[in-house]
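Here come two complexes built around chain A, the first alongside chain B, the second alongside chain C.
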Partner chain A sequence: MNELVFFINNVVIAGSVTGSIYAIGAVGVTLIFSIMRFAHFAHGDMMTFGAFMVLLLASAFPGAGAAFGVPAALVLLPVAMALTALLAVGIDRAFYKPLRAHGVKPIVLVIGSLGVTLMLQGLIRLFSGTGGSSLYVDDRKEIFRLALPFEGVRAPVVITEPQLWLFGITLVAVVGLHLFLTRSRLGKAMRAMSDNPDLAQASGINTNTIVAVTWVIAGGLAAIAGTLLSLDVTFKPDLSFFLLLPIFAAAIVGGVGHPFGAVAGGFVVGFAETLAVFNWSVLLRPFRDSLPEWLTQAGNLAFVGTEYKIVVPFFILVVILVWRPTGIFKGKVI
Partner chain B sequence: MAAIIEVQHVNKAFGGLQVINDCSIQVEKGSITGLIGPNGAGKSTLFNIIAGALPLDSGRILLDGDDITNQPANALFHRGLLRTFQIAHEFSQMTALENLMMVPPAQSGENLFAAWFTPGLVRSEEAEVRRRALEVIDFIGLHHVRNELAGNLSGGQKKLLELGRTMMTDARVVLLDEIAAGVNRTLLGDLVTNIERLNREMGYTFLVIEHDMDMIARLCDPVIVLAQGSVMVEGSIEEIQNNPEVIEAYFGAAS
Partner chain C sequence: METKRADTVAAPSRFPLREAGLFVALLVAVLGVYAVMGGAYSTRMLVEAACYAILALGLTIQWGYAGQFNAGVMGFVALGGFSAMFFSIPVNEAFWDSELPGELGLVLLYMVAAVLMVLGATRLDRLGVPRKLRTLIAVVLGVVLYLVVINALRGVTDQIESRAGFIGGLGLPVGVGWIVGGALAGGVGFFIGRVCLGLRSDYLAIATLGIAEIIKAFLKNSDWLTRGTATVSPLPWPVPGPEAVGFTLARAMYLSVTAVMIALIFFLLSRAYHAPWGRMIRAIRDNELSAAAMGKDINRRRLEIFVLGCILMGIGGAALASFNSMFDPQGYLPLNHTFLVLVMVILGGPGNNLGTIFGAVAVYIIWIMSEPLALFLMELAVAFGEGAFGWEAPTNMDSRALQARVFVIGLLITLVLRFAPKGLLPEKVKHVA
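Up next, the complex of A and B:
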């Protein structure tokens, strides 16, 4: 049974955490793609920006959380979301909109976003320094140890407070986005524009408004993903940047332009990563007596070493794209 | 007679090719004006310029006396200027009915706050829109495919959907770009009746690009002939058909 707990801690919980972060990030990437038809490379740094805003705000108002009994970072998250949304709209106005107005090919926008990445990362480093800092400024990270009510189980299931928040917020964000896209007229207008921008405009839909709304949503989601990631580990100026590639893999695996595909893709990639680096020999320990010796003698039965974790999303990407070239869900249109 | 659309000295070049050349036309309020001309005469380009889909190089466009030069298509929609597309456009991932329901302007649901805080109002408006969409879809004879994804409809059905879209809102001017192409003869009759009825009963003004001369003859008065980017001649269909210049342009020196 202790082995099972080990599995829950290292695969179920760890995979859900990674999967949720990838999912929220990939939803933003996929929405931007479905409306503006380009891969937004600066998404990782928008996540970092959101987390950095939370760090600044939490340092300024360390007591903000005490009144509600939650970490200050979470109370201040909505403010950081608004600021990140503002930044996203601002970046669009300053850099992408002039490019679009000239009718450039999508690849030019992609390269433009690469420039924005470097700029944002440099700016954040300038103010935050290159080291890590905790988003828990004045409060403490709660760690829950749940002992399972079985005989002989010594190890508890360990889950932290930010992880619980992460699961909850991911669920709310995904359900909320779904209702927005299917029920509200603005959401339907977004779907219409991703389907046929010319017709959308000829039907009286203001495409500039839709673009701005897309950036607001993508910015808000990026702030959530960046903050919850930094709460789970710690804030670093390049933390989210390194998640960019798995996030893109998740968006593509799910079917680019499909928000639920992005969520599914996020969890597929997240779990694939954790399962690939999980040491399976632990699970085999109870069956030691009935297994051949060569299997029990091996100390580490992980598929790949932790240092090769980053390869896993690409492996998944290749497999899924061979099996189903448009992603798990048929992509391209919301 | 008052002009609802005035195109004044418009020029448009693609690269070195002067597609629209100092072109001026007027569309009278309440008329069904035909726009014909040989391939490459600039009909569709002129349409796209009027509809706000293409920027013009020089000149002015007036809608009911207001300057609408270079306004985006969505702004023109809200001023009552609608267009259909030569190659039928549709929201492929929505059903035929949902396609029609996308059209009506100025609903509260479009406003974010209204969508969240007054769901009752939004819902009743949606019910109204749905009722109208069902009427329209009956009218254009697509009732049996209303719940099919629009992307799966045939070319002719998509054309009908295009016309249906213009009936969802109170338009003042509708630009029809080869609405008859790919629609079968029986439906075509309905289409013509339909356009005439919208013109007579609802007061829609139509500007029609068409290659089908029968349809032009049945529907349009006056007819404008465009050649090499400017107006060659304008008049009733009889005048046009007997004009030697037009015969020359259409059939060449051989005839």
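Up next, the complex of A and C:
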């Protein structure tokens, strides 16, 4: 049974954590992809920016959380979301809108977003240095150890406080986005524009407003994802670069333009990563007496080492592009 | 009156004022660097700029000729560098005298056999096996065989690391490594191109970004092949090294080698650009639909040009690694090896080879000179802050000052895209009246 607990800790919980973060990131990417038709490479750095804003605010007001009994970072998260949303709209006005007005190909916007990536990275590193720092400025990270009520189980299931917050906030964000897209007027207009921008404009939808709203949502979600990731591990300025590929893979797996597909894709990629680096021989250990020797002798049954984790999203990306380029839920943009 | 077709009339030759002006300015800048920094340093800068020019030519045919955006130049550069290292450094006797080469060869044979078996399993439906069952068999077989092979490989590589360090090189002439480096990069480019080129151009950017990180991770962590973070040095040069003839002369000879390479590539590319093949490539870039309607095989042409660009990047990367005389997988950074090349191309003029070479040299000079400039400006800012506000500067200001260059590169990309999308020396498009 200890092996099962090990599995829960290393795969179920770890996979849900990475999956949630990829899911929130991929939703933003897929929204931008479906409204503005380009792959937004600066999304990872918008996440870092959001987390950095939380870090700054939490350093400035370390006592803000005590009044509510939660970490200061979480109380200040809405402010950081607003700031990141503002940044996203500003970036669009300053860099992407002129390019769109020129009627360039989408790939030029991709290059522009790479430029924005570098600018954000440079700015964040200029102000924060290149080292890491914890978002728990004045609070303590709670760690819950749940012992399972079985005979002979010594290892507890370990889950930390930021992970619980992560699951809760992911759920709220996804449900909220669903209600917004299906119930509200603006959300319906967004879906109309992602289906057919010309027709949407012809039927009186203000496309500029929709673009701005998309950036606000994407920026807010990016701030959530970046902050929750930094709460779980630590804040680092180069956080973003390793997130970019899994997030794009998740958006494409889910079918570009499908927010729910992106959520599903995020969890697919997250779990695939943790399952691939998990050492399966641990699970064989209880049965070692009844298995042939060559199987138990194989010391390491992990598919890839942790240092090659980035291969997993790439492999998924290649498989999905070969097998079904529209994604599992038939996305709109190919 | 007989009217002549416009494209058969010789265009009135005009003096290329813009080109001449820009290159004279570049020459003045180079001479200025020579005067200030001395011969050895400046020649090193020129050699590196020449290697970057080869990379930039590779990117300009992908982006400028064909409109494909490669966001992973770094990976192809690193592959070229690895190949230059592997073929040119001396043979490691400790490895070849043991039984390890045989074991490694056996694992490689297993790998080939496993691939063949999985490929065979995917053809089972020809024998009447239902398609779903075939897919299931192929996937299960693939997973099991993968685990078997990877475990065998781990065993052998651990042995190599503990007993021989790493497998060493082949001790062949440097040129072999460069050519194979190009071929390796081209092979990876072929694989990526096959997957992505039929789809939206964004997907190619995403996939190349990913493969670059994977190549770097592989080279960094395969200690048995590359010594990983321990780095390999020195790599031999194709010309007499500095210890034989002195720094300046040795570097000047290396520079002449790269210059000949650039001249050759430039000549061949200009021929290709004006040939029917080049016209076809540009037709596909400018209007895919009508090119397809003319019966052009779009995906095949795209694949050709993408692989060609990757080959050039591999060769350039190999020349760069040989020149640095050190192979350090961690030294490959997206900023230095992808985005710098991108700036060179879009600033110089995508699709214009002369403009690309101009951009490569000019941007590289600016890049090298910006380091002391950034440090100087940061010192000035710190001194001002301390003097005016009593601000205590953090200790790591130097590394932060260098990060400011990242911001400048990003700003440059966005500004060029907005205000000079065709670069300083735009591609010349013949207009037929």
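Please note the rule applied: the second predicted complex is superposed on the first by the 329 of 334 C-alpha atoms of A that agree within 3 Å, B and C clash if a C-alpha of one lies under 4 Å from a C-alpha of the other, contacts with A are read in each partner's own complex, and residues count from 1 in each chain.
As a convention for this text, a contact is a pair of C-beta atoms (placed from the backbone, for glycine too) under 8 Å apart; a residue touches a chain by one contact, two chains touch by 3 or more.
Predicted model, so just to flag it, every value in this text is computed and none were measured.
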- prompt: When the two structures are superposed on chain A, do chain B and chain C clash or fit side by side?
  reply: fit
- prompt: What is the contact status of A:Arg185 with respect to chain B (first) and chain C (second): first, second, both, or neither?
  reply: first
Task: With the two complexes superposed on chain A, say which partner A:Asn196 touches: chain B (first), chain C (second), both, or neither.
output: first
- request: Report, please, how wide the angle is at the C-alpha centre of chain A between chain B and chain C, in steps of 10 degrees.
  value: 90
Task: Tell me which of chain B and chain C touches more residues of chain A.
output: C
Message: After the superposition on A, what does A:Phe68 contact: first (chain B), second (chain C), both or neither?
response: neither
Query: Given the touch rule stated above, what does A:Pro106 touch, chain B (first), chain C (second), both, or neither?
result: second
Query: Should A:Pro325 be classified as contacting the first partner (chain B), the second (chain C), both, or neither?
result: second
Task: Classify the contacts of A:Phe144 with the two partner chains as first (chain B alone), second (chain C alone), both, or neither.
output: neither
Query: Counting only touches as set out at the top, which of chain B and chain C does A:Val116 meet: first, second, both, neither?
result: second
- prompt: After lining up the shared chain so the two structures overlap, which partner does A:Phe287 touch, if you call chain B first and chain C second: first, second, both or neither?
  reply: neither
Message: Once both structures are overlaid on their shared chain, how near does any Cα of chain B get to a Cα of chain C? Whole angstrom is fine.
response: 10
Message: Output the chain A positions appearing in both contact lists, the one against chain B and the one against chain C.
response: 333-334
Message: Going by the contact rule set out above, which residues of chain A touch chain B in the complex?
response: 183-186, 188-189, 191-192, 195-196, 198-207, 333-334
Query: Can you list the chain C residues touching chain A in their complex?
result: 67, 69, 71, 146-147, 150-151, 154, 195-196, 199-203, 205-207, 209-211, 213-214, 217-218, 220-221, 334-335, 339, 342, 346, 394, 396, 399-400, 403-414, 417-418, 421
Statement: chain B contacts chain A in the complex at 51, 53, 72-75, 77-78, 82-83, 85, 89-94, 102-103, 105, 107, 109-110, 112, 115-116, 122, 165, 169
- prompt: Which positions of chain A touch chain C when the two form their complex?
  reply: 33, 38-39, 41, 95, 98-99, 102, 104-108, 110-112, 114-123, 125-126, 129-131, 241-242, 244-245, 248, 252, 298-301, 303, 305, 307-308, 310-311, 313-314, 317-318, 321-322, 325, 333-334
